[in-house]
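Consider the two complexes below, in which chain A is the common component and chain B and chain C are the respective partners.
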Partner chain A sequence: MNITFKMDEPVGSSLLDHTRQNVISRPIDRIEGPLKVAGRARYSAEFKFPGMVHGVLVGSTIPAGTITGINETRARALPGVLAVVTDYETFLRNPGQGLETEAPAQGVREIAYFGQPVALVVAETFEAARNAAGALDIAYAPAEARLDFRALQSEARPKESSQKSQGDLDRAMMDAAASIDAVWTTPSQNSAAMEPHASTALWEGDTLIVYGAYQMLSSDRQQLADALGLAPDKVRIIAHYVGGGFGAKLGISQESVAAALAARALNRPVQVVMTRQQVFEATVRRSETIQRVRLAAGADGRLTGIGHETITANLPDEDFSEPASASTQFLYGGEARRFGNSIVTLNQVLSASMRAPGEAVGMLALEGAMDELAEALDIDPVELRKRNLPPRHPMDDLPFSSRSLAECLDHGASAFGWADRNPRPANRREGEWWIGQGMAAAARSNMLITSSARVTLGTDSRALIETDMTDIGTGTYTILAQIAAEMLGLPVEAIDVHLGDTAFPAAAGSGGSFGAASAGTSVYLACKRLRETLAERIGATPEELVLSEGMARRGNAAKPFSELVTEPLVATATVEPGKTEENFVQAAFGAHFAEVGVHVHTGEIRVRRMHGTFAAGRILNEKTARSQCIGGMVFGIGTALTEELVHDTRLGTIVNHDLAEYHLPVHADVPRIDVVFLEERDHAANPLLAKGIGELGISGAGAAIANAVYNACGMRVRDFPLTLDKLIAHLPDPDAVQP
Partner chain B sequence: MHVTLSVNGTEHALDIDPRTTLLDALRDHLDLTGTKKGCDHGQCGACTILLDGKRINSCLTLAVMHEGDAITTVEGLSTPDALSPLQAAFVAHDGYQCGYCTPGQICSATGMLEEIAAGWPSHVTDDLEADPALTREEISERMSGNLCRCSAYPNIVDAIAEVGGAAK
Partner chain C sequence: MRAFDYQRPESAEAATRAQSGAEARFIAGGTNLLDLMKLEIETPRTLIDISRLPLDGIAPTEAGGFSIGALVTNAALAADPSVRRLYPVLSRALLAGASGQLRNKATTGGNLLQRTRCYYFYNPATPCNKREPGSGCSAIGGHTRIHAILGTSPHCIATHPSDMAVAMMALEAEVEILGPDGQTRTIPLADLYRLPGDTPHIETSLAPGDLITAVILPPPPPGRQLYRKVRDRASYAFALVSVAAIIAMENGRISAARLAFGGLAPMPWRDREVEALLIGEAPSPALFAAAADRLLATARTEDGNAFKSPLARRTLASVLATACAGNS
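Moving on to the complex of A and B:
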């Protein structure tokens, strides 16, 4: 049984609101949890095969130029070394972008950035390969490199597809009762998932099998096949567990192709794990940005104009540009509007998607500007936002599929105690700390991506879900089991979930906050089809059918599955996006509130508490959803306060290419975090009536912190991250307000 | 080089390259892959194990240095069917997401609770003479060598606090 469903019309109701199994949405523990806490969940570099050998990538030591020769003599002479694998044409220059089906840029004789992997040294042991990798002599003809983003910003080329305007923004700015026109800057960042990128490659005849740390297996398989000149059905990628992704594993990365080539050359399985330094130097980063935001408003606080223009960077011939204005375009009203991106060409590692591409840094600027506007107009920041919620998309004139933003703002303000905030900056002191509170809105677009799953109802009253969807920590295993359990009237323990293998039906993959809704809908649809078969078998209409405790019921008549299912029932379902994507603005929304302390003498910033209220349609599991939002909010702490990749503008190196110097938030940086979900259903999104939440928590979180810093000490720092060196010279007189 | 490692109560005779870290010996030679490699430089804590009951980063020491030492990895704390109290609390409190830093967090927390019980002070301990209290602040401070990019930190602290009997 194969069915395909296209999301062309809003769905009237969802079976999940009628099945009454009390499984969906419940905060149950992750079903794979015991394996993870016992160290028995296997990640990509944890599979072993007879004869397997280890490869270590070698990166370029110049940022631009050409390789003139590779001398293998010293490396090959070391004990245990098996091969120096080079292939100037086939090696990947860049990692892949998400959802791309063609190979990323290949060819490594030309050097485009420092650390570009150019060779793989393979040895019997990791130790021998690591040593020999340092003994490979590579000669280069260096070329002039473009390395200084700020110095080159005037050369940015507009990205045509991103340019949008309506009305006369310049006029609106001139006529405004209050206006903001300022520039925010955000640094280069790295996803820094805890599991480094890794591939274990082996060939079975002419078929390549890769255990790869990837987020989107079906498109990654196409990328890898294209890179190697193989038919996609000759490539199988397996990723049962992925140690975090946050965008960095959306597309394939360089170690996959190198491992595959080495495994073919040596006729042995080859494992290649990037070092942490290579993860920083050669996998995707979030571009630095320069963002100009303009707001024009009347005395009543209603926006009359809004502009959000962004300069980003990328490699030559790469046109991804951090879409910082993504949510600005629909979040607030104002007749005059202007948006657009431009790109500076740089010899720095690929810019691509990192958690919430766009909003993660765009909302720092927009929501900072809104805070400044609120102060200029003497309107409460929560109220200012509520006054500017547009009834429909301000440019496309489309309705919102659902938007509980005003409710989130009100609920969050109440839960946080916003009414008690002192709006005057640098006016509350406790001991050695200035205390401040800030808020920001959250918004993140919602998407549906084509996704398939197969559900088999066995004769043993158990169900099996199979899809190449991944669980990168998002909770996929658990929410898919909950959907099937709810739909089929079985306990969660009776659902087996097999993910992360391209031998299964192709799924959306994990990215863009669309994974749960897309893969979840395919499971929902397959279960719906199974329900129809069960209904037929007991002579009920689908509406009359009640499934619970492994029994099918119609009125007072009931039959156990064991009688109805005498051989396995299989349904495969595919969901595809349709017209609701074009006919509605779809996004999840929320409100962030933060309290910080700023040290009166050093400018050190400590986050004291955070609260987020979110509305994202149906919540599929309240526990894993809450964790997703907490994770996003902590990403917001890093974005606001600590994270910055430092690119050397002379050598092209990444100065802080490790976890000691690239400062992720640690335990001590993270305070109590409250997360609340408001009840909502989105009928235009998908039949689950759910929206994505993986990126909602980061959107706006850093802005709430920065706004709290202003409230604490009266300093507007628009250059992220807000490190203490940017505060210390201008801190207010500590004695102005007594503790 | 020959070395005999005592891991989770079992002796393993190995003939390994002297450059092999204890982490790589566990993962590559003993197939104990619960101990994770996140940075190989002692910066992330994913490789935390217990050496004679004390937590260490196993990437920062060589396997051949540990003849006769009692090494405990996450696999030695339990089986999936009978989790340790900390492991069960991590599941109940959702003290993880992707799971990659999790074995290190759990080994680290196991060692950390012993350190508090033994009266070791930390940077946030007010009175260096008194027994440190198991507060959220103490837990967060002492666990800061274990990074979690999924940022399950508040849930991890909840899990540890529950098992350690922290004051609310």
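Moving on to the complex of A and C:
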């Protein structure tokens, strides 16, 4: 039984609102949790095979130029070394972008950035390979490198597809009762997922099997096949568990191709795990941005114009550009509008999607500007936002599929105690700390991506879900089991979930907050199909059918599955995006509130508490959803206060390429975080009526913190992250204000 | 990491003899040395494992102080009841350092001898005079957020990153050293370290084979003890600026003052002129400003670490105000 469903029309109702099993949405623990805490969930670098050997990538030590020769003599002479694998044409120069089906840029004789992997040293042990990697002598002809983003910003080339404009923004700015025109800058960042990029490759005949730490297996398989000149069905990628990705594992990265080539050359399984430094130097980063935001408003606070223009950076042959204005385009009204990106070509490692590409840094600027506008007009920041919610998309004139933003703002404000905030900056002091509060809206686009799953109802009253969807730590195993349990009237324990293997039906993968809803819909549809069969078998219409506790019922008649299912029942379902994508603005929304302390003497900033109220359609599991939002808000702390990937503009190196000096927030930086979900259903999104939540928590979180910093100490810093050196020179005199 | 031989001598004497060959290194907790070996910044041919030598005790001395064995872990030292009671500045400094896991492994001797966290020192692909004498200093003109502003030279501006050593400096600790000749000597902690000058690769006065066996704390000095560490996140980050202060007051005036600074210099930094300037004076913002002026009189900054001057100034003022308040 194969079915395909296209999301062309809003769905009237979802079975999940009628099945009444009380399984969907419940905050149950992750079903794979015990495996993980016991170390039994195996990650890509944990697979071992007979005869397996280890490869270590060797990165370039110049940022631009050409390799003139590789001398293997010293490396080959070391004990345990088996091969130095080089393949100038086939090695990946850049990692892949998400959802691409073609190979990323290949060819490594030309050096495009410092640390670009150019060779793989293979040895019997990891230690021997690493030792020999250090002894590989590579000669280069260096070329002039483009390394200084800020110095080169005037050379940015516009990205045509991103340019949008309506009305006359310059005019609106001139006529405005109040306006903001300022520039925000955000630094380069790295996802810094806990699990480094890793691949274990082996060949079975002419078929390549890669245990790879990847987020989107079906497109990654196509990228890998294309890179190696194989048919996609000759490549199988397995990723049962992925230790975080945050975008850095959307496309394939260099280690998989190198491992595959080495495994073929040596006829042995080869494992390649990147070092932390290589993850920073050679995979994916979020581009630094320079963002100009303009707001024009009348005295009543209503926007008459809005502009958000962004400069980003990327490698010479790449055109991804952090879409910082993504949600600016629909969040607030204003007749005159201008948006657009331009790209500076740099010899710095690939910039691509990192968690909430666009909103994560774009909302720092937009929501900072809104805070400034609120102050200029003496309107409460929450009220200012509520006054500017457009009835329909301000440019495309489309309706919102669902938008509970005003409700989130109101609920969040009252839960946080916003009414007690002192709007005058540097006016609340406790001991050596100025205390401030700030808020920001949250918005993140919602997407549906083609996704398939197979559900088998066995003769033992258990169901099996199979799809190449991944669980990157988000809770996919659990929510898919909950959907199937809810739909089939089985306990969650009776659902087996097999993910992360391209041998299974192709799924959306984990990215862009679309994973849960897309893969979840495919499971929903397959279960719905199974329900129809069961209904037939007890002579019920699908509407009459009630499934619970492994029984199918129609009125008072009931039959156990064991009688109805004498051979396994299999249904495979595919969901595809359709016209609702073009006919509605789809996004999840929320409101962030933050309280910070700024040290009166040192300018140290510590977040004291955060609150987020969100509405994202149906919540599939309140616990995993809450964890996603909390995680996003912690990302927001890092984005606002600590994270900055520093590129040396002379050498091209990444200065802080380890977790000691790339400062992610640690436990002590994370205060109490409250998350509340408002009840919502989105009928245009998908039959689950759910929207994505993986990136919503980060969108706007950092802005709430930055606005709180202003409220605390009266300083607007528009250059992120807000480290104390940017405050120290201008901090008010601590002795002037008495505690 | 290069292949190496591994030895575990039975006694301290045997360890010093084994290490006196130039390409051998002691390994204690390994939390710094192993990282450096993985990056091939340290490439010893032989590792002398001292971690099981019986140097892990904390004992009172006849002089009324304490002797801390070189292998006492940072966690154990911070938690020791006598240390917490008599030397709170030390306990606080230790707890402000690294993470719980690291402190469980890190030792007293290893902490004193940990190497700089200069980013360029840690990247073998970039020039560094400390790593490769004569190759140049990549930090100067580069990213210098964590670099020194006092005691530097045109050859190296790296800091010594320890918190523990800053507190020990203020406590006037001494270091007990066993040489390969079997002789034990004791030197002031200040004499353990050397400023970079034109030989930034030479960081201490230790000779090959010298084993630190203990740190001797004199009896606790009078006054209130404080350790204040300013850093980029609330935990698990090295000091941008840190201050260890021991301040005694009499009749509203500062009667004794010891100040040591971290994050500012290639070694834990103590400036007696700053202390002298405070003694006998009544605390005031003007006095604290004068102390900061004195401290920073010889500061040399880069674009990236210029903020450390105002930061040190403000941190010192805040620490002195706290130390002097309610302490008469």
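Everything that follows uses one rule, which is that the second predicted complex is superposed on the first by the 738 of 739 C-alpha atoms of A that agree within 3 Å, B and C clash if a C-alpha of one lies under 4 Å from a C-alpha of the other, contacts with A are read in each partner's own complex, and residues count from 1 in each chain.
One rule holds in what follows: contacts are C-beta pairs under 8 Å (C-beta built on N, C-alpha and C of every residue); 3 or more make two chains touch, one makes a residue touch a chain.
Predicted model, so just to flag it, every value in this text is computed and none were measured.
After overlaying the two complexes on the shared chain, residue contacts for A:T125 are found with chain B alone; chain C is out of touch. When the shared chain is aligned, chain B and chain C each come close enough to touch A:A660. By the touch criterion defined above, A:A668 lies against chain B and chain C together after alignment on the C-alpha atoms of chain A. In the superposition on chain A, A:A227 makes contact with neither chain B nor chain C. In the overlay built on the shared chain, the residue A:Y43 is in contact with chain B alone; chain C does not reach it. When the two complexes are overlaid on their common chain A, residue A:T642 makes contact with chain C while staying clear of chain B. Between chain B and chain C, more residues of chain A are touched by B. Within the superposed three-chain model, A:A352 lies out of touch with both chain B and chain C [touch as defined at top].
In the superposition on chain A, A:A103 contacts neither chain B nor chain C. Within the superposed three-chain model, A:A516 lies out of touch with both chain B and chain C [touch as defined at top]. In the superposition on chain A, the residues of chain A touched by chain B in one structure and by chain C in the other are 127, 131, 658, 660, 665-669. Taken together, the chain C residues at the contact with chain A in this complex read 1-3, 38, 40, 117, 119-120, 122-123, 125-126, 138, 141-143, 145-146, 230-238, 240, 285, 307, 310-311, 314-315, 317-318.
Contact residues of chain A toward chain B in the complex are 29-30, 32-43, 45-46, 48, 125-128, 131, 191-196, 241-244, 246, 273, 275-276, 472-475, 623-624, 626-628, 630-635, 658-660, 664-673. On the chain A side of its complex with chain C, the touching residues are 61, 79, 114, 127, 130-131, 134, 432, 600-604, 606, 641-642, 646, 648, 650-651, 653, 655-658, 660-661, 663, 665-669, 723-725, 728-729, 731, 734-735. Within the complex, the chain B residues that touch chain A are 17, 19-20, 24, 27-28, 31-41, 43-44, 46, 73-75, 77-81, 83, 87-88, 90-92, 94, 96-103, 106, 136, 139-141, 143-157.
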